[in-house]
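Consider the two complexes below, in which subunit A is the common component and subunit B and subunit C are the respective partners.
Up next is the complex of A and B:
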């Protein structure tokens, strides 16, 4: 989850997010190198007492500073396109969950076998127990089996919302009347937090998403318990 | 044939990838499975149409089937011929996996009231 003074992304919990993280590191390193070079040149130009009024042109340097940026751009584009197509791969999900956005909570439906549906409201700050996270905890988490491809179908019952979990590298708009598909694999067990990412009214900031990835047996026990309680 | 469908249903995990709906928007996938188009058993033209968009290319384990048999129309078509409607259960499983419960409930109520906008 996010923590105070955080600069980078949250630790990746899915293979796609790992790729995105590494690509971001790669692109940012190029950005830092170019910025450092430019800053150095500016400082050098500003602080030198040397002047030269007689250079009119130079074919060689013109070629270098045209070709080199093109090469750098290709070095950025190739991994970017690789990830783009990786995210678009055909996947064969083991489980389908529907995430429906409401004002102002999410509801999750697991209907592959039985009809399991429940609402997920934020836990108000005054009801938090010690150790819980303010504005991020929810009363019912979306539990998923770890290391299984999951398909999430996101929609909304009233206004626009957006279902996002940064650690899993997932964000999908919830549009009323439309069913948007996204998929991911949770590579490790854990609890992953996200927040509604499309302005949806007064309590837009108070409808978090909590995904809990557990081993398959625990998932089966949880779903049986939830069905009994329903 | 019915044994194969029984086995398919028994091994059902979730709605498989459907090549006719490869993109993010799965609204039509849900609606089509709920709705269905007129199934003409053994009719050559519809078989050719279904081959063109045959998701079995991506699902080699499944038996070749007319992709046009979706649930309600399938039920209607098979019942009209006094045939077993068990093959339609696959499409019921698929639309139950894909469609939000509120949508299914609304459509069921509309069907009962006779105000369902789709053609069954």
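Up next is the complex of A and C:
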């Protein structure tokens, strides 16, 4: 989850999010390069009274300030497209989970083997126990096996929602009548938080997503217990 | 006695020829500084983290701390 006064991304918990982090660093480096140049030029230009009223054109500088930005754009585009195609690779998921958005909660269905489904409501602030996170905790977490490719099919029952978990580098719109697919691998065990990312009414900010990544045997024990309780 | 004629033309060009190389140099320094001060250390940090990472040990520690809901600590 995010911590107070955080500026950058959350620590990556999936290979795709790591790639996105490194790409962001690359793009930000280029942003600093251009911004430093422009800022220096602005300061140099506003701190002089010298002018030249007789410049008409200059083919050389026109070529430079056309080619150089084109090169910079290519340097940004190549790693960007690489990650785009990486995210779309067929990854043979071990598990498929359906995440359905409602006003104002998520429901998860694990229907690969048995019929397991449950709702996930935000825990109200007054019901939190010490150590729990305000507006982020849910009563039932989406539990997944760690280091396994997971496919999530995202849709909605009423209005637009969006299923997002920043640490896993995942965001997918939940559109009524449409089935969107996303996939990820949790690189390490842990609990990862997200929030609904498409305005969906009064309690849009109060329908969080909590993903819990545990080793496979514990995931199997959990799903058996959930089926018994159902 | 006569004074040398002062330079009266090309003053802005002279200023640009002085400042533009410095501007480009500074911007490259900023980019290189960010690359080796932030980008490369972050890549190395992630590589180092996963090189020594013991998922079972970390999972057990988190479990005993009561972080998970699907798996409770041994005592419970």
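In this text, the second predicted complex is superposed on the first by the 215 of 230 C-alpha atoms of A that agree within 3 Å, B and C clash if a C-alpha of one lies under 4 Å from a C-alpha of the other, contacts with A are read in each partner's own complex, and residues count from 1 in each chain.
The definition used in the following text is that a residue touches a chain if its C-beta (ideal position, glycine included) is under 8 Å from a C-beta of that chain, and two chains touch if they have at least 3 such contacts.
Not measured: the values here are computed from a predicted model.
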Which superposed partner A:37 touches (first subunit B, second subunit C, both, neither): second
Contacts of A:17 with subunit B and subunit C, given as first, second, both or neither: neither
Which of subunit B and subunit C A:143 touches, first, second, both or neither: second
Which of subunit B and subunit C A:182 touches, first, second, both or neither: first
Residue contacts on subunit A - larger count, subunit B or subunit C: C
Subunit B versus subunit C as contact partner of A:207, first or second or both or neither: neither
Subunit B versus subunit C as contact partner of A:222, first or second or both or neither: second
First (subunit B), second (subunit C), both or neither touched by A:155: first
Subunit B and subunit C contact sites that coincide on subunit A, given as residue numbers: none
Subunit A-touching residues of subunit C, taken from the complex the two chains share: 11-13, 15, 19-20, 22-24, 26-28, 30-31, 34-35, 38-39, 42-43, 46, 50, 53, 55-56, 58-59, 62, 67-71
Parts of subunit A lying in touch with subunit B, wherever the complex brings them together: 90-96, 98, 100, 109, 111-112, 115, 117, 151, 153, 155, 157, 172, 177-182
Subunit A residues touching subunit C - in the complex, by the definition given at the top: 12, 18, 21-22, 25-26, 28-30, 32-34, 36-37, 40-41, 44, 48, 50-52, 141, 143, 146-147, 187-191, 212, 214-215, 218-219, 221-222
Touch list for subunit B against partner subunit A, complex: 12-17, 22, 24-27, 29-30, 58, 93, 96-102
